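Dropping the structure in here first, questions after.
Here the chain labels run A, B, C and D in written order, and each chain numbers its own residues starting at 1.
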Amino acid sequence: MQSTADAFEDLRKDFPVLNRRVRDNKKLVYFDNAATTQKPNQVIDAISDYYQNYNSNIHRAVHALAEESTEAFENTRDIVAKFLNVEDSREIIFVRGTTEGINLVAYAWGRDNVKEGDIIVTTEYEHHSNIVPWQLLTQEKKAQLKYIDIDDNGELMLDQLDDYLSTGKVKLVTFSHMSNVLGTISPVEEIVSKCKNAGVKVLIDAAQSVPHMKVNLNEIGCDFFVFSGHKMLGPTGVGVLWAKKEVLEKMSPFLGGGDMIREVHKYETTWNDLPYKFEAGTPNIADVIGFAKAIEYLEKIGMDNIRNHELELTKYALEEMKKIPGLTLYGTKEPEKRGGVISFNFNSVHPHDVGTIIDKDGVAIRSGHHCAQVLMEKLNVAATNRASFYIYNTKEEIDVLIAALQNVAKVFKL
Amino acid sequence: MQSTADAFEDLRKDFPVLNRRVRDNKKLVYFDNAATTQKPNQVIDAISDYYQNYNSNIHRAVHALAEESTEAFENTRDIVAKFLNVEDSREIIFVRGTTEGINLVAYAWGRDNVKEGDIIVTTEYEHHSNIVPWQLLTQEKKAQLKYIDIDDNGELMLDQLDDYLSTGKVKLVTFSHMSNVLGTISPVEEIVSKCKNAGVKVLIDAAQSVPHMKVNLNEIGCDFFVFSGHKMLGPTGVGVLWAKKEVLEKMSPFLGGGDMIREVHKYETTWNDLPYKFEAGTPNIADVIGFAKAIEYLEKIGMDNIRNHELELTKYALEEMKKIPGLTLYGTKEPEKRGGVISFNFNSVHPHDVGTIIDKDGVAIRSGHHCAQVLMEKLNVAATNRASFYIYNTKEEIDVLIAALQNVAKVFKL
Amino acid sequence: MSGDPIYTEMIIEYSRNPSNFGKIADAHIHQHDANPLCGDTIDLYLNIEDNKISEVKFDGHGCAICMACCSVLTEMIKGKNLDDVKKFDKDELLSELGLQHLVKTSPVRIKCALLSLKSLKFGIYSYFVDKMKDSESAGNLNEEAANLY
Amino acid sequence: MSGDPIYTEMIIEYSRNPSNFGKIADAHIHQHDANPLCGDTIDLYLNIEDNKISEVKFDGHGCAICMACCSVLTEMIKGKNLDDVKKFDKDELLSELGLQHLVKTSPVRIKCALLSLKSLKFGIYSYFVDKMKDSESAGNLNEEAANLY
């Protein structure tokens, strides 16, 4: 790649939506990347190409199209495995997204392994998809759900984890690699090593980390790892659950149906090998194939370059936002400890109103609880504004956001 | 539309893959439509258009792109509801496909309503996705799974249903509207009225019917109804579960996570309204939007015209195939009682070999158990060949299939 | 920014100084509702005397639109006959604030505007069931509330 | 159709008249396996004497490729030393029938060809665990079988 800022500027041309004009012919500034990212032509075209040229159901047929689609589909599994440094691509299971992946674990692993009185530990900054499945499970099993609280800096209070682990009742510790609201990057190594010492399983919700930083699953040492393709240039409807082969092999199946079976008889059935045991029914073939192109695109830029680019944007944005009177920033002040996600509130103006007003200037941020109401309760707010960055964002766009926020003050006569 | 055969010939131009040459430059003859159908440009373009112009996560944000994508997504729900003659589009729940839809019912309804000793009735000609979830459920609950057998004509023996119902223990009767192997169309009215008289819930696996015939859910009177978009010109990764509002409201949720909640607190959560209660996490937005175009495409042709076109092809194919010595046809001899699906075996040649040999002539059929091993056991075969038709198929293509089958005889020196 | 189709003087003013803001202890009707999309919650309190809304208050978090609509709604129904209140519809409320256009232009923000009305309908629904034994009116209210957006 | 890269005389012939077709009652090793993609199942029966495959038979449904491969595999291992059999690899089997090209050209049909070998490896795996107490060989066999396709 050529030298950084230019190179990143250059890749904007691959994203057709970035040419969009919105509202009164305003240039789109897309800062809602933590919700979903935009897609490059490479991904969009791969999906069209599949439908135009070799669309077919996979795995079972012997005809030409089926062979081509099966190969492209399975090739994606290998690409995902390499991207995460996973040796055995049979450990890669395609799901709809992070939410389905976590629920799969809660049903297929949780129902067999969590008993009355057991503890599942999560954190205060989790997305609803890493809370609700465990509420459902612990309620069903009369087990307990415990939270690691966050401190004023938005960081996890790990001594609470020690307390929980010391009870000997913890079966699973589950946490997000990066908070989708505060941007806080969790101390993965420390958590995993504590859990491993206690013989406790670990699930990492990587929805916000895998798109933005290098991840090496061979080193992390967790047991389950889940993320969504649509938050990393990929199509909607594809996500990944990774787990160790030994764990997956012992797990009961989740959804029953085609492809996940070896032999079906009237009253008993045997399960297929990994990963198929957990991929019942026709998968989202086109989008899995498109997802491969998203990973290739990210790898070409380099995950470390992406992390640096976002860090630069985040530093710049934090500096500029600090200058705005009445603006409250959430999360740690140290940019190195966070990803490219900035949550803020502006005077007493409700985030919904901020969102609507700056949207008129073409700026797309998210305003709401970000599916993190437990965290909102902790921060003692109903909602926040959130600007989140990705590879195609620029400092100039941050300037537009800043100007738009000034405008909010005018509308509300602050 | 202009007069039928021509009109159907005409629409082939909308399907780019039909111009494919496969193997030794053979024209593709795609007869694997029961597995998945091809997609018209209208659907492919709608997906690209979404990603190129208004890709955004839905429901929660107030910015322009989010409003556009939310509207297109929710508009699909209305289109599906109208297509099925469902009055309240909140009863339409988007899932990945038939398999996920049936599993959703088995988990969210089944776990609460099926108790030890209860009976679930299915049939011998079900797809694995309408057997395995019920095996899992009945095993877990120590309930019983019972089968309605089929007679020599490939039709259900309904007096067995009477016997089961008379025990008073049946909680659910679940069956496919059309068999994906035999093409048999189930006597829906009769089954539903028997079940309603007995106060028993009914699930219809409509994966093979909705794509091929007019369905009026307002008249059928079943409780659950499930099908897949990819078998009806739509993208992979989208399906529909319909159920009555009263049933859905009483059901526990299935997947926990974003969008399906009203309020999340640390230790308790309240559920969102229908349909969102059952749509946790970021849905497959692009493909749901693309799916709307598939339905519009089908409606423009007219479902009755489609049924007639396929009936004509089926009659023709059956006639021609009967002339081939050594060819065994499965299922009823009356074309009116079946859809455009023909399963057959050819002398003692294994279906896999038939499939591979005719694939060299460009003909794509499916060879295998078609995810219906219980039926295979009944038919006393390991596998069959299956040719299945859709709107773009022609009599000339059937001639190519017939010629290709003659060739199999030559290879095997029959 | 004069002429902003949403953030009029009136709405900004209401969002600063909502009317009828607060709780009623032991209210005859207490309805809690939330907008699952943004986390806003409101609590609506009503006292009924002689089939009239004798007292009404609301409490909660919400955006300017939500606060203004809650304010205006409570102002409009105070002292009104239950039979009139039960017929109250969204156009009446929206037009009072010049927000009718939201129905078309903003499927998301319309939910902020109508949360108050939804709570009202669900709130008096229970009252019609329990106190008035008027299941027809109750059924209608329930339907209306569910179909509001 | 002479020159068909799959359906050679030899394969057609084997599919008509498979070698070593049948069951062995009370076999020392009985391995059942299925190809989940097509429903084909085979049962492989082995007797072992003096560390040699003294008897071998197979039974089941399968396509011409599967039947031919089962036939050839059983022919090739009959009488062989267990240590040699354990090293037997897919190239040996495929080249005997001229089917090496399937590895590249047909990800689906290669599974038909190698079902026999997979069953063999899983079958003697258990034998190495239970009878030979040779966990290293067993582990290798298990890995090989799982990674065959």
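Just so it is clear, contacts are C-beta pairs under 8 Å (C-beta built on N, C-alpha and C of every residue); 3 or more make two chains touch, one makes a residue touch a chain.
Bear in mind that the values here come from a model prediction, so they are computed numbers and not experimental data.
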More contacts between chains, A-D or A-C: A-C
Approximate Å spacing (C-alpha centroids) for the pair chain B, chain D: 37
Chain B and chain C, separation of their C-alpha mean positions in angstrom: 44
Residues of chain D whose C-beta touches two or more other chains: 37-39, 41, 106, 109
Sites on chain B at which at least two other chains make contact: 60-62, 66, 259, 261, 263, 352, 356, 367-368, 373
Topology of the chain contact graph, where touching chains are joined (line, ring, star, complete, other): other
Which chain pairs touch, all of them: A-B, A-C, A-D, B-C, B-D
Interface residues, chain C side, partner chain B - complex: 34, 36-39, 41, 106-109, 146
List of chain A residues in touch with chain C within their complex: 349-353, 356-357, 367-369, 373, 376, 382-383, 407, 410-413
Interface residues, chain C side, partner chain A - complex: 1, 4, 6-7, 12, 15, 37-41, 61-67, 106, 109, 112
In the complex, chain B residues that touch chain C: 59-62, 66-67, 70-71, 74, 259, 261-263, 270, 272-273, 276
Contacting residues of chain A [partner chain B, same complex]: 16-17, 20, 22-23, 28, 30, 32, 35-36, 38-39, 43-44, 47-48, 51-57, 60-66, 96-100, 102-103, 106-107, 127-129, 131-133, 135-136, 145, 147, 228, 230, 235-238, 253-261, 263-269, 280-287, 352, 355-356, 359, 362-368, 371, 373-374, 377
